[in-house]
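The letters A, B and C name the chains in turn, as written, and every chain counts its residues from 1.
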């Protein structure tokens, strides 16, 4: 991955208000070839950020520049209309035009920019082939599967050769079974795109797997940014901690055994080999004073680093050999007499571990 | 629409009647006649004002009777009667509509001519277009309106023009004489042919230009009690009142001519 | 028709659920309100004289004039009514609800009043009509253009209301998507907005045309009544009703047949939004 100088990428430093309540403040710099994820809960201002960068909402102060062109600069009276920006957007729900065929949807951007009907349809056909959509040219969007619609939306955004690729919740419209497959397809095409890429999402798995850099946005403000590992290991806000608490682990799987750092974890899933992202829900981790009965295959002794009282539940951060977050009922916590610095036995059923094919990154933990 | 209006005005008048009966009950019982109930009178639109006054006078003389006026183009009234609308008295602006009703057997006894009316050229007050006579009706530049061919005023107007040897350049055939008069009043038309009584009723917003007697058409207004009259006695009494000196005096006051004039 | 479909095609699926009797009875009563007057009309049709009646100048003139004026009024409504609907749906401005009320006014106003109002405004002595006439010699009353104007006044609200509703319901993000793909505002309107509200637009057009075709009160008040120039089918029916009922019935039959043919044909193919 080669990253170009910043001037050729996206520089977005701006502020805007919506209504009396909501204010968005963003400071993003994405060089070409780099993928940044804007990760945050619903209502954090993610879609507002998309609208501002795409030119559908006017910013109040600051500047948005892309590939050496100033898109917005209220101070200088610059506000390029959306149709003059070279921003390729894959919208949430894809927003494929229902009355146009797949080919017409993809050709739309070229037609709008003055290319003849036949040339633009030919170019659209090329892109559809590249995205394994050949044969669907004449179909209406309503008859596409979620995965196909996503790729059509991607083709529609890419065909105009934009300077920025902007993806707004690209996977949230898909059902769980196709999501991981589509994420890999998306990952491949993101990496082929030479310019800066911005992914907007509320799904940490999506953010951590697709992006080189994650910006966490809460209530209109970026509260933390860094590489996925930095966010995961050193969360600085409760929301980030919640994400971290989701136990996302990068590893390498071989025949049902995943190596995470120097540690090994047994998986129920034997079909996936290579880089993986493991997800373990905190409540799926059980804590014991003595080695537990039965034989959970993932079991080890560790120390308690941090205890957080969440009311009816207690969150427990454990240390080496593999930092994890567990959640137990407050009752159980009292019965076990958990305290920081003490040692404890930890067990995870293999069936409780989610496995997602990864993207070549290896864990540093 | 007419039926709906009639129905609602019937209800209204029943209520009024009840109120009046309660408050002046003693007077009502000592009235000169013992006629009771409602009389529905379908009268040509050109009789609007005159019959309004006759209604009041008649009701004054017959405290137990409520007259309900149903006004419209004679031809429209004829259609209502032929379609079975319950009507007591029909007063037409021409004999042909009355004849059709009589032919259908809907007239009780004989229809009688109660007044005549003469045609007049109606122009907006001030006569900006400078109309002087029927000859002007041939001018393409002027905006000319007549009543529709099948309405009495339209039929007579065409007779008058034919008699004068004029082929009119018509711009509109209005559905009844009141509609025609309204457009002349508004200045949207330069001239039209209406009855003398209509011009008189506008009280100055429309000027009348006389049509020479040799070209003019005398419109005869017949009145009759109908065969299906729900209240035949009161109907007969109403017709009698119209033909009486008192009734005739009211009608001449609005520009109509007595039969013996 | 829905009832018949229920008892035949979908009987298997619906067998367990009988339609509520009261609902069906009331619905059939509703149908009767429409059907009974038509049956009354049909019972008076002079079938043997019909060909002769229909070929008279009075009928052919009125039919031709009705077609020309109602279609022109529909076209005018599209040209100025769709932009008005767009303004109402998309622009925020003070008094917008007042304007919206104004648009619906012709729906509640008796058409005769509408015609009189047109006369006061655009007649020869009207507020705008007088200076317009003096400047250009243009005279709208008693002209075919006057019929078109009266038709437009009475019928355009159907188009404006339908299209405005459709524009409000349209997911505006599609328009944003189109502009992000490089489409200017006109392109977005032409290639995205209008096609996406297409079904409602067609429904609005059909309603507008149907209302214009049946227009009577405003036309006779504003444009008068002259065969070949301003006498449309409804006016001809009204006048004939007082003289020759056979002609009136024949004319009514023409109106019913023409409008039913158009409405049914459109319903099959286009008019699914309503």
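Definition applied: contacts are C-beta pairs under 8 Å (C-beta built on N, C-alpha and C of every residue); 3 or more make two chains touch, one makes a residue touch a chain.
Remember, predicted model here, so these are calculated numbers, not experimental data.
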| item | value |
| --- | --- |
| Middle chain, criterion being Cα centroid separation | C |
| Chain whose average C-alpha position is farthest from chain B's own | A |
| Where chain B and chain C are represented by their mean Cα positions, the distance between them in whole Å | 36 |
| Where chain A and chain C are represented by their mean Cα positions, the distance between them in whole Å | 53 |
| Centre distance in Å when chain A and chain B are each reduced to the mean of their C-alpha atoms | 86 |
| Complex contact set, residues of chain C against chain A | 171, 173-174, 176-184, 187, 191-192, 195-196, 198 |
| Chain C-touching residues of chain A, taken from the complex the two chains share | 51, 54-56, 81-85, 87-89, 91, 93, 95, 97-99, 108-109, 111-113, 156-157, 160 |
| Partner chain B, residues of chain C touching it in the complex | 119-120, 123-125, 139, 141-142, 220-221, 223-227, 230-231, 238-239, 241-245 |
| Footprint of chain C on chain B - complex, ascending | 73, 75-76, 78-79, 143, 145, 148-151, 170-175, 179, 183, 186-188 |
